[in-house]
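Let me give you the structure first, and then I'll get to my questions.
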Amino acid sequence: MTGPVSTAANTPPTALTTGRETVLEVADLGVDIHVDRDWVGIVDGVDLTVRAGETVGLVGESGSGKTVTSLAVMQLLPPNSRVRGSVRLGGRELISLSEGELNRIRGVEMGMIFQEPRRSLNPAFTVGDQVAESVRRHRGADRSKAWDRAVELFELVGIPDARRRASAYPHEFSGGMCQRVMLAMALACEPSLLIADEPTTALDVTVQRQVLSLIGEVQQRLGIGVLLITHDLGVVAEVCDRAAVMYAGRIVEQAPVMELFDAPQHPYTAGLLHAMPDHVRHVERMGVIPGRVPPPHDFPAGCRFHPRCPFAQEPTCTEGEIPLRDVTPGHTARCARLGDLELEDAFYG
Amino acid sequence: MLRFVATRLLTVVPLLLLLTLVVFGLVQIAPGDPAAIIAGPEASPEAVEQIRADLGLDRPVWEQYLSYIGNAVQGDLGTSYTTNEPVTEVIGRALPRTVTIAVFAMLLAVAISLPLGVLAALRRNRLTDRLVTGAAVVALAVPPFVLAALLVNYLALGGLQLFPPTGYEPLSEGFDEWFRFAVLPAIAIATISLAELTRQARGSLIDAMEEDYVRTARAKGLGRWWIVGKHAAKNAAVPYVTVLGLNVGRVVGAAVIVEAIFNIQGFGQLGVDAVLSRDLPTMQGVVLVSGVIVLLVNLAVDISYGYFNPRVRAG
Amino acid sequence: GGGGSDESPAAGAVDDSAVLRAGWTVGPTSLDPHMATAEVVWFRFGMTSIYDRLFTVNAAGEVEGMLVDSWEYTEDGLQLTMTLREDVTFRDGTPLDASAVKLSLDRARTQQSPVVKARMAAVTAVEVPAPYEVRLTLDGPTPAVPYILAENSGFILHPDLVTSGDPATETNGSGAYSVESFTPGESLVLVRDRTDYWDPEAAKIARIEHRAVPDFQAFSNALAAGQIDIGQFQPNNVASIEGRRGLQAVPVPQGISSDLLFNRAVAPMDDLRVRQAINLAIDREAITQALYPGSEPKYQYYREGLQGHDPSLGPIGRDVERAKALLAEAGHPNGVDLGEMLVSTATTAGLLDVVLEQLAEVGIRADAVTVDALQIFPRWAEGRSAALLQFSSTGLEPGAGASTSWGPQLNPAGTTPEFDRILAAAADNRLSQEERNAGYQELNRFLREQAWSSPITWINYPWVMTERLQGFSAEMDYATTLGPYDFRYLSMQADS
Amino acid sequence: MTALAPVSAAARPRVSYRPGRVMRRFLADRVGVTALVVVLILVVIALVSRFWTPVDPTAQELLDRLEGPSSAHWLGTDNVGRDILSRLMRATWTALTSCALAVGLAVAVGVPLGLLAGYAEGFLDGLLGRISDVLMSLPPLLFAVAIVGALGPSLTNAMIAIGVLLMPRFFRLTRISTREVKNEDFVEAARASGTTTMRILGRHVLPNIASPLLIQISFGAAVAIVSESGLSFLGLGAQAPTASWGSMVKEGFDRLAENSWSMYPPAIMIVVTVLVLSLLGDGLRDAVGRQTGGRR
Amino acid sequence: MADTTSATGSAPALTVTGLRKSFPAQRNLLGRVTRTVDAVRGVDFEVRAGETLALVGESGAGKSTVGRLVLRLIDPDAGEVGVLGRDITQLAGRELRAMRGRATMIFQDPYKSLDPRSQIRHSLAEPLIAQGRWGRRGRVERLGELLERVGLAPHYLDRFPYEMSGGQLQRVAVARALATDPELVVCDEPVAALDMSIRSHVINLLRDLQRERNLAYLFVSHDLSLVRVIADRIAVMRRGEIVECRPTAELFADPQHSYTRELLSAIPAAHPRNRTFRAAPAA
């Protein structure tokens, strides 16, 4: 096993975040899903950009629409759904493409890894086969070439004894190893964008560290953009360059990580940060956000967070559309009372 | 894999033993004196006694059981009370008829259910799907004997007379001849299995298509047919093959009635006759052999899991 | 002499190479005529074409010699001397002589067997006084022995087969046919393989295939589809098949009837009035018309035209009131439960329903228990059931028939001294035909008075066959007693 | 901070346990509701036939046998001149009661044994499991024929045979479901708070296996109807004069050439009954959601 | 090498010595066990009244197994478990049941640990019925009080689990665990299945209750940052053994065992400034 060494730790990140071309540009993305004879808006008005070499975090509680957003980017939503807005990958609009055209993009220009690596691998085929398959389909390589490439990829993602392990089945692998396989698969055709949907949620902390470091390493080496979905602000703090906070199907705040952690502008972001266990601050009590995330058919009007927000005011927060406003360049937030709130200590009941 | 097959083979042994016990027990609960049956209606009590002794029926039950098993292992299932032939011979005569028809029926069921099921799964909730699943549900409700009666009435008698209404010709008489006789019984026997397999093919394919790994495959940019044919199919095969195995028993069961209607002196008919005439050794033999066949088929199914699903190979 | 009739429906050129396919509901399970479990099954399933018998029975129910040229009883009726034909040989030229006959008869009467041994019980010794003369010693002056020797007991096997062969799987007889293939319980294929058969009138068909078709509907389907050439039909279904694809139907009044037999040993059947009430409850005319069209209601124990029939015995009409009165008199004013009524699986479809309903209308209830045809007699003999709904055959000779019909197998209650006396007086070979007839008539009246059973219908079986078949009629040997089962004189018309 | 457990586990809807929603979803399923209505109609027909039929179902008009439909006999008469419609109604009673008894027997034996085996595991579980494997490996109808052959043909024995035939289904289902429920946290929680085994079985295990059981009962009933009619067709089930669909089909089939009509009404009844029972099962299954234990 | 002494001087609520448990991992054809997993291999520790001992370690280390052994939901192969002064491994029947009123458990996933078919009322009443110490009327009253104590309105008693959020349910689970006034509560990852905004509610509740009733917690968790906040002492488990057991501050300041160090270094930072895996971004 490769240790959790982070070789890229010394590379100045600024060079990566700026100046590189935009890989993914999501604008005003909306997703409705048909449930019980009704269209329910799950996600709407989502804007996101990912540049080459950059890691963008998408963070939010369960049910906030992170997975749906990522699937919309991949155009992998279930058939009972419809998408609005625009998803441009390397400048090319994906929304209008046919399935055949998408198949030439998925796995080639963008790859994705999922939360439960074991379930996401086909139990009936060897891991090598599943990686080589991608290569064969997209690169037209013959069987043995593709296999060699798979082994090479396994070495890249740090699977020891790669040639032998390539002919093992997923159930013979641990969760962390499976996630490495998934990563190898996603990287098989050297995509420019990698979407990782809670890639480490099911893994042990030590393994999580390895996988996250690995993603970072590969990203540096290949210069790809990463959209990292997580519910864990710790992960965001560790590996992301920028992060977007999602609540009830909308992005409520988006900022470079430093700024997000130092000066959150939206009460929800602040609440989440306060709810992170902190051994210094939380000697007595931990910060809490009252209430719970509403289900999509129950999204309130106005600010969707207002029923839980200690600062909510009528009618400022309860009516109309609240736009995403700029705080500083690159930092936006969707709060009606943006700027006039003292967020520190608001969540210690 | 070899080890896997070997362990699977071994698990069948206790099942076989239990099977013989069930079969033997079945005969023990049967009232009536086998010796009197063999002796015939007009025999004297001494004659009956003599026969009882000859058959060893005066020995304790467990002794009879042990010798039954001992003989069965050597391929001796006793002697038919009615024809005085070795039961193995009687079964050997009847079995091929049923087996050829049953195999035909299963092939029919598989050959039709696979494309239909796949089609329905891929056109889920659309017209094709509704037609296929609707037809399957209805077909599932038609008992083989009703279907057989209809087939006889409309295709064999009536104006059409396409196929002979009764009888059987072995394959050795030529495929055409065999086919003419086998086709109607095979359809009657196959239909329920066909319907169930269609539903299963559809259901397991749909299930497989909803698995996470299919999403992964789509994320890799693989084409729909590739995903269906490779990723979903191999996983969907497990429940399908399971149901296929379970249907072997059903097909043999259906043969019981269908053979009576078509007057095929097959395995089912043999069983019914043996039961009706209290030909206990034959009855035992029929139940035993059919049980063994089904067990072996299920064993094959089990072993096939090893191919379709590498996880089970680990044991 | 042969009983073959030439009054065939259509006469034409005979096809000497014809194949005849016959269907039966049951097939025998071995080829050994002596080991028959049901005589008629073996008899009709080709056995008559393979072996010859000592006697035969014509349509009038009279015994005639077949291998036997002439026969006579001694004065005391205790010995029967038979003189054989001298022109009969087996296939290998071995003459069918008295020693061969003795060998077969001794086997038949001594070998442990389901039926035949018991049937031969009257014969206590077989001697060969001359090369073509056989003398049987009898245990009483019974007239039945020639009749018995007209059935399975009288089949003569090749001496080699008796001494060193296995008659269950091999055959060797003096008939014109030998076995091409045999599958127990299923089929028997016979081929004519000798031209020197002693009766030149016989064996006009080259090949006979017998097949068992147990399911009734399958049977009629097979006939309708031309898969078999001849078969005995159920009376109430013949209308459907007649006239189809060159089929003809020939009704044959066989000596077979549907009867409801009683077990007089158990209550309430031990009461004459209950038995009479049952007799009065049954509507024989309606049953016959509905389920056995073309047949005759059965009111007495011997059929018109055969020995023992008594024209003075009139019909038994249905009389619900009297039946109820009788029941009340017997102490069952609210009706009576008979208990178990056994029914054979071979009983005509619907008969049971009708009988139960008609009994129910006078207040008689019974639990029907269906039992396989092969097991029903042992079950009945156990004596626990009250009644038995079954086919019964009169038998070739009234005396022999009576002792079987009312013997322990079919009559668990046993006989009475009165019955034995009447039977013994009638069944005596020293009497003349007329004297015996009068005796059997008395037996007939006794049974009806005592209501030992409830006769229902004499079945006139329609035989359905291809129009090409010739020589089949109600006047064939055995036709009116056992059934037209001796196929030796049938022939097929050549295709025109 | 990290949380290794998948967060979405809490968000994933567990549809199978929402009683109110199950009912609502079932009622929204038009096919399932129709099937239920037809089943109820059949039950009503069966009950009514105990007291009233258009004509006495046993009354015979021997000379008017095998008639086609007429105003006196809407579905004609059978082989011995009985009213087919009335017999069909009476046969509905026969079918439903024998089906209920067979399924009842199977449930009464299979479920307790399944609970026992599932909860106890170990040797008993292995033995019972193997026995059920063997019973399942016997071709169903042939096995039923053998049991009836051993016991003697009668409707009761046919029901016993079918009950024995169905037993392994209920046994297996209960065993697997019990196993699954047994390992659920809420059962462990109940044990942790000192709840007795009997109470756990009664309050937690049974209610939680109720819906798969109900579904299986529906399918089992369909199997019972098919088997009963098959056995009656062979003459091994209902005995005269009891009216049974299977024997009525057989009677009709035997008279095919004379009267090709009388076979159809009972055949249609069988098909419809089996159809609605399996549709009902399908409907229930869909309403309850994907079930554990239903698939191997 | 595990340090089993506790910091505070109060009486031990739980003393575990030499605890062992292995599970069958593979059986042969005859059902005989051919391979076993040693889930717990000789574990000793103690938890004092009012104290929280956290059990941390990687998945499969045996943490939950220890929790279940402690309450004797499974039988240990060897070792002693002193719960409130009695060896629970020696108890049976009535005594064991009574003990289960005094030492209770909270499970990870409230959706799974509450019977989905029972109303909250029934789930909550279950331990009371099992202990049989409260009459029918007393029970009804007590249920309301319990809910109130965990911050839920009494009308929730008539709800089904699916009608409630995970956080609410976990509070119900806490109420159930406290229903019989226990002295020891085993918490098996009680907040791991909860969303971060809810998690702190439950943690706060647990801490309040502990202070109120001087409860002893055996707190099983993966989450080291959380454990750092709430535990008095931490026992690090690895492959069935406790490799290190020390007061929280000490352990974080000066981890002795290499595995502990590995574990600590894998905790993601709470702020991007303190990154350890990757270079910090520009402010």
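First chain written, first letter: the chains are A, B, C, D and E, and each begins at residue 1.
Everything below uses one rule, namely that a residue touches a chain if its C-beta (ideal position, glycine included) is under 8 Å from a C-beta of that chain, and two chains touch if they have at least 3 such contacts.
All values derive from a computational prediction rather than experimental measurement.
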Shared chain contacts [chain B and chain E, defined touch]: A, D
Intersection of contact partners for chain B and chain C: D
Contact-richer chain pair [C-D vs B-D]: B-D
From chain A, the most remote chain by mean C-alpha position: C
Between chain D and chain B, distance of the C-alpha-averaged centres to the nearest whole Å: 22
Distance between the centres, which are taken as Cα means, of chain E and chain D, whole angstrom: 46
CA centroid of chain A to CA centroid of chain E, Å: 32
Length of the line joining the C-alpha centres of chain A and chain B, rounded to whole Å: 53
Two or more partner chains touched - positions in chain D: 1-5, 7, 10, 152, 253, 256-257
Junction residues of chain B - those touching two or more other chains: 152, 157, 260-261, 276, 278
Shared-contact residues (touching 2 or more other chains) in chain E: 59, 195, 222-226, 267-268, 270
Complex contact set, residues of chain D against chain E: 1-5, 7, 9-10, 14, 17-20, 123, 126, 184-186, 188-196, 199, 203-204, 207-208
Contact set on chain D toward chain C in their complex: 58-60, 62-63, 65, 79-82, 152-154, 235, 239-241, 251, 253-258
Residue numbers on chain C that touch chain B, as the complex places them: 29-30, 37, 112-115, 118-119, 168, 183-186, 212-215, 217-219, 221-222, 224-225, 227, 345, 372, 374-375, 377-379, 381, 409
In the complex with chain B, residue positions of chain A that touch it: 74, 76, 99-100, 102-108, 111-112, 114, 116, 119-125, 133-134, 137-138, 169, 171-172, 182, 185-186, 188
Residues on chain B engaged by chain C in the complex (per definition of touch): 32-33, 36-37, 39-44, 47, 50, 80, 82-85, 90, 93, 152, 156-157, 161, 164-167, 260-263, 265, 269, 273, 276-278
